[in-house]
Structure formats: structure tokens, C-alpha cells
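Heads up, the next two complexes both have subunit A, just with different partners, subunit B and then subunit C.
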Partner chain A sequence: MKKKSKLSSVYLVLVFLILYAPIFYLMFYSFNSGGTMYHFEGFTLDWYRELFEDTRLLIIVLNTVIIALLSAVISTILGVAGALAIYYARRRRVKNTLLSLNNVLIVSPDVIIGASFLILFTIIGIKLGFVSVLLAHIAFSVPIVVIMVLPKIEEMSTSMIYAALDLGASRWDVLTKVILPYITPGIFAGFFMALTYSLDDFAVTFFVTGNGFTTLSVEIYSLARRGVSLNINALSTLLFVFTMMLVVGYYFITKRNNRPNGLGVKQ
Partner chain B sequence: MKSNSRNLYLIPYIIWIGLFVVTPILLVLYYSFFDIEGHFTIDNYKKFFTPVYLKMIFNSFWYAFLITLFSLIIAYPTAYLLTKTKHKQLWLLLIILPSWINLLLKAYAFIGIFGTYGAANSFLEVMGIGSKQLLFTDFSFIFVSVYIFLPFMILPIFNALDELNPSLIDASNDLGASPWTTFRRVIFPLTLDGVKSGCQVVFIPALSLFMLTRLIAGNRVITLGTAIEQHFLVTQDWGMGSTIAVFLIIAMVLIMVLTGKRKRGIL
Partner chain C sequence: MKQLTRALIAVLIISLILIITVNKLNSAQGYSGGNTLTIFNWGDYIDQDLIKRFEKETGIKVIYETFDSNEAMLTKIEQGGTSYDIAIPSEYAIDKMIKENLLIPIDHSKVPNLKYIDPRFMDLSFDPKNKYSVPYFWGTVGIAYNKAMIGDIEITSWDDLWDPKFKNQILIVDGAREVMGMSLNSLGYSLNDTNEKHLIEAKEKLDLLTPNIKAIVGDEIRMLLETEEAGIGLVWSGVAQEIMWENEDVEYVVPEEGSNLWFDNMVIPKTSKNPEAAHQFINFMLDPEIAAQNTEYVGYSTPNKGALEYMDEEVISDERFYPDEELTSKLEVYENLGKRMLAYYNDLFLEFKMHPK
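Then we have the complex of A and B:
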């Protein structure tokens, strides 16, 4: 038995090693003064300095963040409305239809979403660039927000709504003073998911972005196609740190999500 | 509840569904009947069933199958051993963490690792095998894909194993079943749903990832996703691209029907 558990820990450690090795390999060589990803000459921060002096890249980072924040905010609003629409749909068939339509974009491969949106924007006449990328990001983030918010609404007891109505609350009051405070953790979780999906997306953006506008993922792709350049290593180290911060933030939000129900309602 | 309040939430949500879910799919279907000059035709479908395209489809499915198979072979024991660890939720989080890092950066790391002088070749030298051309081969493509999809395969299997009632295993042992029989007759059948959803999460994106084939396989591997990207963005033959997209959508629906309901997508 002892030998067996040793073997299993070796296996687990090996999987962890393989999962993390490439990431740390990348980060390690971002400090290489040699300029290649195989021979470590000496420690340097030159690549980071170069990164911060590259105004074009900084603009791209800014674009990416603006797109992510805007699309997350708008898709959260739409997603909450969608979750409420599904919740209030009384007929079972309507509910199921809405839910399946909601999930179409979640299960579709990115290439299909990208290609079909490209056709859509071209036909409507939206110029490819900031607006098309923003619309695309909103579009694929909405169903994720719905999925995150809906369980929270469904676990809410309907008697709370009836109680509020009996006590003379208007529909607007019910929404802002009863429902929204209750589902706030779900809304935050949805917002964070939308944010990370937008920051992470490559394929859809690649299809609907024009010549003038790029996000970070698209830029990394075109840089990586040209071969190794340690700028990308420095960039990925920074992105890694940033991603970790987001994950930790998300972790705490979902932890709050799991609190006993009563605590979710604010005064 | 009065019905007029429900309609208000439905309005933005229905607009979103109409514009970004229903319309794009119809547009892809519509465009698949037009050739590059804009004439209505079913030539695209005729072209699709020629040996060139059929071979590509076969290859695409074969690679996706291999990627799914290897992910499953590595992921199942990992998930199983994870459920046996003490702080399993924490370990699970650590396994999932790499999946939050931008896919392109991970692919880029492998360009360095599999490069002519990269870590993988140094390792082969030390082992006495000698350096080999690793980048731009089928091996590197499958390896990197499995690396990227591994967390998505582990998660549903872990959840299924975690929900498994341990007294069933005790009962099986008490009744004299060998560990292998217990696994084959009790554990595996009861976690089949997790395996199925894991396969779904891996197989569908594996059909359509075009950036990996471009960066790692160097145009040697052409998947359905690569072909769609090629037709839409390089040759501008949207009709043919749409035809392949229609086929990919049909394949996706078939896979989902075959493997049951998918709970939540990741990519």
C-alpha cells in the first residue's frame, strides 16, 4: 500500500510539473540577456524596459483593457436581464428554448462564432475595428453571465418577492431592493468571467478585427508567428501575474457566493 | 406575477438572441450556397465531398480523436489521485490555474521548448538520443493540444469521482471484487458522465483550433478550423468557408447528442 501511494504522488507531481514547466520556462527566459529561449547568458531587465518604452504595445494593452471592461459591464447588464427573463418565463417550453439558445454561443467553437460574426458585421455595415470587436465580445459574454446569475435567482425563494409586493413595493422596488441585492455575488462572478473571457479571447477577435485595431492576444499571435522574441516572454510574465491576481479575486468572490443564504441579502 | 413586467426583461435579451445567435447561424447557412463571385450554387457542397476535403475532414477528426484519447488517458488517473489527496479543492484549483493563462502564450512557450536548441532537445541529447526536429511535427501538435486541454478533461472527471458514493466501492470490495473489477464494473460506469462531458469539452475545440496548427504544426496539420480561417481570411472564399462551418456545426450537434448534455463550456 505504501509503495502504491508513493507511485501515485510521483504521478501527480509529474502532471503538475508538466503543467507548470512551460509557463515558468517562459518567465525564466524573460530575464535572459542572451536574446534566445535556450541559452541563459545573464540576468537583465532590458526586455521589460523595452516593453514599457513601446508605446504601440501600450496602446494595444489599453485597447484590450477598455474592450474587456466595457464588454464586461454591458454584457453583465444584458446577462442579468436575460437571467430574469428566463426566470420569469412561466411556460416550461419557453424557458427551455431560451436556455438552449443561450447555450449556443457557449458550445460553439470560436472559429464559427468569429466567421459568422464577420459575415454579420459586414452585412450590417459595421466597420471592422473597435466597435465590431466590442460587439463581438459583448455577444459571447452574455450567455456566460446568464449561466452564472441564473442559479442564484432560482435559489431565491419566491416568498421574498411576494412579501415585498404585499408590503406595497413597486416592481422597480422589488428588482432593486430585493432581487438585485440577493443575486449580487452571482452578478460579480458573471462580471469576472466576462472580463476574463474577453481578455483571453483570440479567435473571435482575430476574425472581426480590421487592420487598424488589435488586442493583446492578436498581437501576441502575430509576434509569435514571426518567431521567438523575448519581449513576448516579458509580456507573458506580466500577464501571468495579472491573471493570478484575477483568479485570486474570482476565488474570493465565489467563496462569498457559498455563504449561507441569509448573509447574501444586504439591508 | 403580471406578465407585463416579464416582457421588459425579455426585450434586450431577445434582441441579443436574434442578432447574435440566430442571425449568424442563418447567415452562415445562406452564404454556403454562394460561390466566390456571388452566384447562387451548390458547388461548395459538391466540392466539399471531393477526396481533398474528405481527407482533410478525416485527418481533422483523427487528430481530435487522438488528442481526446491521450487527454483522457492522462486525466483519469490524475483526477482519481486528486480525489484521494488531503486538500483536494486546493490541488484542483492548482490544476485548473494554467487553463486561465492565455492559450497563445502557452503555445509560444512550446515554440521555445521544442525549438532546435530548446529544452526538449537538450533533454534528448542528455538521454543520448540526440536532437530531433520536434517543432512542426504531428507529435508536437498533439502534445501541445493535450497539454492545453488537460485541465478541461480533469475537471468534469474529478467532479464525477468526487460525487461517487464511497460505500459503493467498499461494498464491491467486501463482495470480493478485485481492484480492477471494482474499477471496471463500479467506478468507471458511475463516472461515465464526467468522462463524456470531458470528451465533449476537448473534442469540439480540438476540431477547430487553428492557431495551434499554425504556430506549432506549421501548416502541416490542417483541421476544420484551419480550413475555415483560411477561406475566410486568406482566400476570401466565404462560401466555401461557410460550407465547412455548416459541416462543423452539424458535427458539433451530433457529438453533443451522442455524448449527452453538456453542462458548461470553457473555451
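Then we have the complex of A and C:
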């Protein structure tokens, strides 16, 4: 590999600075005793204390996490099944059509998805609240999981499956002992993608929350109208740290997966 | 496979623990009981201590939810699927909700504290006889200006804004009614004027203002004025109050030609499951002492005459937020001008926005 020029590393640092500056700016002011976002007066942890005393906000945070975890798990299961179905579609035309239909859902604007869910839920009489948000999140996460898992299946050699069948494995055995272990990294990637999509989704959630149930992004948006109080900064800081931990956790999981394992399916 | 199953079980266990925690928290707050009241309000627009007090006094548990614009609130209520017992929209949205039959009439016999509301703020065009709504807060549209930044000039009228001294100094809110209203008022017309000649005249006058305008902005106007990005802003009184808390150099004035008078009123949506509790809540909020405490927290102007007695002399004698009779007689509520006229207002405003600087 060519030696990296100085210019390119400066560029890299600059880009990361620009990307992270707003987040650190926000985190920095969460310790401001002055109460505003442009004049730092002194260090305080008051905003964090206020945060933990606000049970309503705490419930909203927990609800957001519950929705994210459940929708990620369910959409991962559905997405893996979907990806397998697309993989096993015999005719090329069918396969491409299915894949395109899946991709359309990813690129279509959130606002439209949200509005159509709102209309759908009111027509079939699902009350807006926990269930409606969960269903909506599952729906927009499934295509993402499919996209994350499919390449992993495609790269798997078919001879492995035939070998397993030849050796007397049942269809179920092939699925659980060959395919799933092989695509595990893809499944985890899909799960974490779904998790983060659900955690930070605003547009879709905005339409389908109601009856006292709300998620963090929607709540922050409502609060921001009257000027964000610094406990939102404190909350964002905690969320950022939490996400960082997720990313680090994900890193270690993938690292462990890349070590050769007993199944001998490493490329 | 083993790894996947383990991960799946871990996630499910975590979710279960979280769900149990939320339920515990909810029941500790009493949200799970039957006797609840769901309030749909602007973000940070009530003193939360009062909600706790209401819960303690009546045994009704309050679920509190917020919205960020009248339009968002309207969509949620129109679509159904929600059961808000109290909502607090602005007057033009109330007008719309009444026409679309989305509100339950308020039983005045259940709201005896209605007598404390200043008669000036009752029986207005958007809700005759206050059949459907009760005033929560009110305010004006006016000019916020930074004394330190624009020099020792006192702004008293809309016309002052056209002064060439203020080149590139003025921020205005992105609202057709507000901006057109400013121009109409400065010409001596009503801000509900429907005479097309007057409207075109107003638009042409606005075009002359463009050299002075720095930007047309949304809610961020508050922060921009606080941080002295511009010296002058066309704002609502509530926003001005918040700016003045943060920046002492800022002054607010309701121009002498007259201006807009706006309201946020409490209403009971049709979808309400507990109108009884909603009436109790409205009556509770109208109690002079409670209204005074809430006003102190929110900082907008209260329509509650009784509450004024419990408030600081300094606050209620502040002519900027509690203007005298003479000025209030010049304030007008936005009337619903009908779809065609509103579109015309919007068109003119759009043309003004496109006017080259």
C-alpha cells in the first residue's frame, strides 16, 4: 500500500471534527450551570440530577429502548426469513422483483410511510400507542435487515449445503447448523442496524404515537419548540455514551466471530 | 445457532425487565388506574407541580403529552385513534375544530371559576360565547429590539422598522398573517382586511422593507435574538418574554398602530373519554391562585383577572405584556378569512419573500 500522504490524514481529521463537533458541543454544554447553549458559566451536574428526577422522561426513555429492542428482534427474525426466501427464489425475475420491492421501502420517504401507517391504523382500528409504534418500527426495519443479511447468504458456497444434505442432514439441520451459523455476523449487523434505526426514528414515529405513549425523539422535538432545556443535552450525552457502548460491543462481537470456529465454514 | 439463541434470549430478558420497570414506574405514578385525564399541550407550557397538585386534590391521574404545532395536534385529533381529554390549541385552530365538529361544548355550570376571566377575552369571534373553549394564555405580536445594538432609539410604531438606519438588522417570523398584518397595521388598515387593493398596497410596502430584513426565520428567532445575531425582531410576546429573560438589553413593544391579539385556549376534543375530569381540570386551572402560579412559570400573559391579585405588582403593571385599555382596543384577533382569502394572503407573502433584496 502507498504511504498515506499528510494531506489525506489532515482531511480525514477535519471531516471527523466536523462530524463530531456538534455532538461534543452539545455534550459540553450539558455541564453548563448557566442554563444556555452559548455562554458557559461553570461546571454543574444539576441537569443530570433533574433528568433522573423526571419520571415522565425516564419512562419515555425506557419505552424508546423497549420499542427498539423488540422491533429489532422481531424484524431480524422476519428479515432473515425474507432474505432466505429471496435467496431461494428460483427464477431470476422473481428474485429481482422481490429485491426491488424491498429496496423501494428503504428509499421511500419516512414521512410517507408514517402518514400511510397513521391512515392504516385508524382504518383498521388499532389505537395509537405502544402497539402502533412497535408495528411501524418492525415494518421499516425488516427491509434493512434483509439488505444486511442477503449478501452474507449470497457469498455462502452452495456446495456446503449440498455436502450437508449428502451427509444426511435434514432441511432443518441445514438451516440451523449450516446456514444460520454462517450468516450470524450478517444477522447481528442487521439487528444492530434495526436497533439504531428504531432508536433515532422521528418521522414515522411522529405520526403513530398517541394516547400518552411517545418516544424520545418525538418528545425532544416538542420540547425544542420552546427552546431546549439543558437536561435534553444531558440526556443526549447519556444516549451518545450508550450508543458508543453498543458500537464497541458490536465491534467485539464481530471480532470474536471472525476467529475460526469449529464448524470450518470460514472462507 | 447457539450464539443466536443466546443473544435472542438475552434481548428478550432485557426487554422484559424494562417492561416490568416501566409498568412499576407507571403504577407508582398511578397511570394505570381507570380514572385518568389525558392532556395534549405545547411543550413546557404548564407548571408540572400543578399537575401533581391536581392529581392529589382530585385523585385523577394525569397523562401529559405534548405537540409542537397546531397542525400536528389537529392531525392527531382529526384522525381519531387518540383520546385526549384536554387540548390547548391557538384560536385559529379552534375555529377550524369547531367547524369540523371536533369539540365538545363546555358546560359552563361545571366551570364556576370562569367568572375570573377578564370579559375582554371572552366571547371573541373565533368562539362566540365561549361555547367550546376557555382562555389559557394570551399575547400580542410586536417588536423585540436590542437597545444596546441599535443605539438609543426607542421603537414605538411599525413604521419605525422602515427606517433606513436599520439596514440588515431585522428578523421576521415566517408567518403570512403576522407579516402581512404588520404591514396592514402600519398603513392603518385592519389585519383582517379583505380589500384586495389594500392587500396589494401592504405587499408593496413590505417590498420596501427588504433592505432592512436580515432573514425570515422560524422558531429559531428566539435564539438568534438572544445571541444578538440581529437587533430587531418581529415576534410573539411570549417569545419576547423568553428572550428578555436571557438578554437584559432586549425590549419589547406593541406598536401603537395596533397589532394582533392571540390566544391559546383549553378545549375538550370529541374523542375525550373523561369529559367530567376535563371540566374539573379546566376549573382547576382557572382558580386565581393556580393560574397565578402557572403564569409565573410560563411567563405569558394570563387572561385571569383574579390571578393578577396573586402576582407581582411589577409583572402586571408591565405595559408591554399587560397593555392598557387604549392599546388593547386596537388589538385584533385573526379572523378566519376563508380559504380563498387565506390563499391570497399566502400568495402575497410568498411574492414578498421572493422579492429581490
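One rule holds in what follows: the second predicted complex is superposed on the first by the 229 of 267 C-alpha atoms of A that agree within 3 Å, B and C clash if a C-alpha of one lies under 4 Å from a C-alpha of the other, contacts with A are read in each partner's own complex, and residues count from 1 in each chain.
Methods note: a contact is a pair of C-beta atoms (placed from the backbone, for glycine too) under 8 Å apart; a residue touches a chain by one contact, two chains touch by 3 or more.
Keep in mind that this is a model prediction, so the values were computed, not measured.
J.: Given the superposition on subunit A, are subunit B and subunit C in a clash or a fit?
T.: On the superposed model, which is not a single observed complex, subunit B and subunit C clash.
J.: For A:Tyr38, using the defined touch cut-off, is the partner it touches subunit B, subunit C, both, or neither? Pick first, second, both or neither.
T.: The answer is both, since A:Tyr38 touches subunit B and subunit C.
J.: May I ask you to decide whether A:Arg56 touches subunit B, subunit C, both, or neither, giving the answer as first, second, both or neither?
T.: Touch status of A:Arg56: second partner only.
J.: When the two structures are overlaid on chain A, which partner does A:Leu99 contact: first (subunit B), second (subunit C), both, or neither?
T.: Touch partners of A:Leu99: none, neither subunit B nor subunit C.
J.: See if subunit A has more residues touched by subunit B or by subunit C, and give me that chain.
T.: So, of the two partners, B touches more residues of subunit A.
J.: Using the touch definition from the top, say if A:Tyr221 reaches subunit B (first), subunit C (second), both or neither.
T.: A:Tyr221 contacts both subunit B and subunit C.
J.: According to the stated criteria, A:Ala169 is in contact with first (subunit B), second (subunit C), both, or neither; which is it?
T.: In the superposition, A:Ala169 contacts neither subunit B nor subunit C.
J.: Under the stated touch criterion, which partner chain does A:Ile74 make contact with: subunit B (first), subunit C (second), both, or neither?
T.: neither
J.: Give one of first, second, both or neither to describe whether A:Pro22 is in contact with subunit B, with subunit C, with both, or with none.
T.: Only subunit B; A:Pro22 stays clear of subunit C.
J.: Counting only touches as set out at the top, which of subunit B and subunit C does A:Gly212 meet: first, second, both, neither?
T.: A:Gly212: touches subunit C, not subunit B.
J.: Mind working out whether A:Leu118 is in touch with subunit B, subunit C, both or neither, as first, second, both or neither?
T.: Both subunit B and subunit C are touched by A:Leu118.
J.: In the overlay, one of 182-190, 218-226, 236-244 or 326-334 from subunit C clashes with subunit B and the rest don't. Which one?
T.: The answer is stretch 218-226.
J.: Can you pull the subunit A residues that subunit B and subunit C both touch?
T.: Shared contact residues on subunit A: 36-38, 118-119, 206-207, 221, 224-225, 227.
J.: Over in the complex, which subunit A residues touch subunit C? Could you list them?
T.: 36-38, 55-56, 58-59, 62-63, 65-66, 69-70, 72-73, 118-119, 121-122, 125-128, 132, 176-177, 180-181, 184, 187-188, 191, 206-207, 210-212, 214, 219, 221-227, 229
J.: Of all residues in subunit C, which touch subunit A in the complex?
T.: 1, 3-4, 7-8, 11-12, 14-15, 18-19, 21-22, 25-26, 28-29, 31, 38, 42-45, 63-69, 72, 75-76, 79-83, 219, 222-223, 226-227, 242, 246
J.: Would you tell me which residues of subunit B are touching subunit A in their complex?
T.: Against subunit A, the touching part of subunit B is residues 1, 5-6, 9-10, 12-14, 16-17, 19-25, 27-28, 31, 74, 77-78, 81-82, 84-85, 91, 93-95, 97-98, 100-113, 115, 117-119, 122, 147, 150-151, 204-205, 207-208, 210-211, 214-215, 224-225, 228-229, 232-233, 238, 241-242, 245, 248-249, 252, 256, 262, 264-265, 267.
J.: If we count contacts the way the header does, which residues on subunit A are in touch with subunit B in the complex?
T.: 8, 11-12, 15-16, 18-20, 22-23, 25-26, 29, 36-39, 78, 81-82, 84-86, 88-90, 98, 101-120, 123, 139-140, 142, 147, 161, 171, 196, 199-200, 202-203, 206-207, 217, 220-221, 224-225, 227-228, 232, 236, 239-240, 243-244, 246-247, 251
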